[in-house]
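Before anything else, here is the set of structures, which you'll find just below.
Consider the two complexes below, in which chain A is the common component and chain B and chain C are the respective partners.
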Partner chain A sequence: MLARRSLARIATQSSPLGAAPKNARNMATLREIELRLKSVKNIEKITKSMKMIASTKLAKAQRAMQSGKQYGLANSEIFQHAPSENPAKRKLFIVVSSDKGLCGGIHSSVSKATRRAIASTEKPIDADSPIMVIGDKSKMQLSRVLGKNLAMSFNQIGRDIPTFADAAGVADLIVKSDVKYDGISIVYNKFISAVSYEPDVVEVVGENALKESAGFRAYEMEDDVTKDLAEFSLANAIYAALVEAHACEQSARRNAMDNASKNAKDMIDRLTMQYNRGRQAAITNELVDIITGASAL
Partner chain B sequence: MSALRLLSSAARRAPSTLTQQRRGYAEVADKISLSLVLPHQAIFTSKDVVQVNVAAATGDMGILANHVPSIEALRPGMIEVIESGNASKKWFASGGFATVHPGNKLTINVIEAAPLESFSSEAVRANLQEALKVAAGNGSEEDKMEARIEADVYEALQHALGSK
Partner chain C sequence: MSSATWRNFFTYNKYAQITARAVRQSLKESERVVAEKRGTTALKYQRWENGVGGPQVFLNPEEDKKVGKSAAV
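Coming up: the complex of A and B.
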């Protein structure tokens, strides 16, 4: 009597759990769930520690960005007073990204901005304007669509906080290369807030354009230092863009890893629930077997 | 000591007042907005100061308010900033550019600068010897040139430390 009642109860309980499959298959899915649970937990550990690393790096990167930004502003002051007279037809694009991924869409946003700038109809420029890329990620993206424009690429920069020596090395190679251009545009990610970055373009006026500019002629010079100035300000502008892009990348990576950890946590919760239910269903099934066996006697 | 410093700063100022007189800006007692920035540190950002003395490639110069727009390459040497009255701060800079913009604005971009107190004269001497050795050695032309520049910086630094 008692057995039968409990049997009835079990029967009504087990039905809302969904159709309990056959015993053997149930065990297999339990094992599968367990494995998945384990791997998701491992992934969560990785994303969590990546987030922690990015957070500590972000603080340093942001400090470097503050002073680097001031440096860039002081550097570009002269370009505001001496703008290029006739818009450059053949521009050199320097795209600032980095070698590492797992940081949201910041690499593709600079690539997109570069593509837009080249295709732009407001300020038409030569379709075969050269592009130089700092960082492998954007290089891969740009080589697919603008492969023939790629003139040079740099990597291994931006792993840690960029130094002036990095920027000077890049500027040196650009100056030494025999790529022809009238003006330079640096495409980089601008840091707006900890959760928002925007691709931005900063213009560097070259030596010849500076000499032609009326604003530039207002400045007094004892010796002709235009060439030195142009090279120095190119290095400075690259430096400012590098540090800002680096801060953006760390911040984006922190956010991306934060989201990934959250998603992993959700997944773990869901899988744990599924696993526990499955186990309970298996136990119940075994009990049913025993009880039916006992009551059949 | 302070009298001495006053004397030396007066001596430094002498050539600048000459140029000021020539251009007829001497009577303007205003302040100039200064941005003195390093890649890794912003020492001044748009701060109003009375006078800035820099070691330009063409000679030492003092910059007062309403200076003519000009571009000066800097050689390794002291940058002295007089914020108000006689209080001045000094840095040794390795080189860069000082640009006076229209609108009473001065920007100085230097690659490296530090107060004189933070240099050790022994280290300067040792590094100078090292640089001179490389410059006189038989490395590539580029290496020798770099060492020559390095030696110039150390010589200027030694001079600045000696005359402190």
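Coming up: the complex of A and C.
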């Protein structure tokens, strides 16, 4: 390695005008490496602290998810007993993601699942099915691909654990908006474990389909109450999806920051090695100069 | 109950949120603080037409008052 460095030095010596002083190239490289080392160390500190924050938030989010899931399960019980006769042609997609980044593939997984669902051939649905997005990140992704289908978007959810007030607000706006649909599909990230998640779709039956289903007709409910039930069950389903997606996001962010810290640590080790080798090479070169100079006397 | 007229004005979800707010504001102070956290929402929404988004609007526009319990005089 020393021979390689001396060869490099000879090469620089034989270059014509503007040859920098002998150790300048090594020194400049050393300075660069030092700067890079400092910045990577800072980045490692930041990603490590983000990971800590995400893990504490994850514990809280998981507890909220356990209790929120009960809402979703209780909600879907009705629809299991009152299946709709004809499959919905015009679906409203509610895409659940969030506003913040640095959480791995959360937003793109949900956006991709929505695109797959709209383009799917085994359960064909209208190509102009309306989409409503919760969260800025997925909104930007989907507005580029399926911009014509976007009907409404929501944000400022997901900063903290989602509350039922958020879900009720979203459901309220959906019902009040004059968007036509036969059924609703909520696309969100299902929490499988602390290290993995996958996109999932939850169907919510619309008011008309509920009224027409055989299981429901057996009860002779008033129209008003049916409408209330449909709206409330939509809010429930949205709430369950919101809390689960929130837990997934925290776990994904923790994993992403964990990986980033590991990579940063690897980079720090590599750069430190490089820096020390460069430093020692510079010292050795100076020694060689001194000694050859001394031996010339 | 079938003579309830609120259905002409807002949805069931809004009705439930209003009643929930009333219940929360009637709680004892310590419980009320905990419950208020469960009822906060800073939701913003925007309508989209043909791939172009409209202005973002707060669902509950910020009013800087804190409705606390007032003493029954």
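We take it that the second predicted complex is superposed on the first by the 268 of 297 C-alpha atoms of A that agree within 3 Å, B and C clash if a C-alpha of one lies under 4 Å from a C-alpha of the other, contacts with A are read in each partner's own complex, and residues count from 1 in each chain.
Basically, a residue touches a chain if its C-beta (ideal position, glycine included) is under 8 Å from a C-beta of that chain, and two chains touch if they have at least 3 such contacts.
Computed from a prediction, not measured in an experiment: that's the story for all the values here.
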Original post:
Looking at the overlay, does A:Ala218 come into contact with chain B only (first), chain C only (second), both, or neither?
Top reply: first
Original post:
Who does A:Asn236 touch here: chain B (first), chain C (second), both, or neither?
Top reply: first
**OP:** Examine A:Ile78 and indicate which partner it touches, taking first as chain B and second as chain C; both and neither are also allowed.
**Re:** first
**OP:** Scan A:Leu150 for contacts with chain B and chain C and give back first, second, both or neither.
**Re:** second
**OP:** Classify the contacts of A:Phe164 with the two partner chains as first (chain B alone), second (chain C alone), both, or neither.
**Re:** both
Original post:
Can A:Gln70 be said to touch chain B (first), chain C (second), both, or neither?
Top reply: first
Original post:
chain A residues touched by both chain B and chain C?
Top reply: 163-164, 222, 228, 232
Subject >> Residue numbers on chain A that touch chain B, as the complex places them >> reply: 64, 66-68, 70-71, 73-75, 77-78, 81, 163-164, 167, 218-223, 225, 228-229, 232-233, 236, 239
Subject >> chain B residues within the chain A interface of the complex >> reply: 35, 37-42, 45, 56-58, 68-73, 96-97, 99-102, 105, 107-109, 111
Original post:
In their complex, what parts of chain A are in touch with chain C?
Top reply: 143, 147-148, 150-157, 159, 163-166, 168-173, 175-177, 222, 224, 227-228, 231-232, 235
Original post:
Given the complex with chain A, which residues does chain C contribute to the contact?
Top reply: 2, 7, 10-14, 16-17, 20, 37-48, 50-51, 53, 56, 59-60
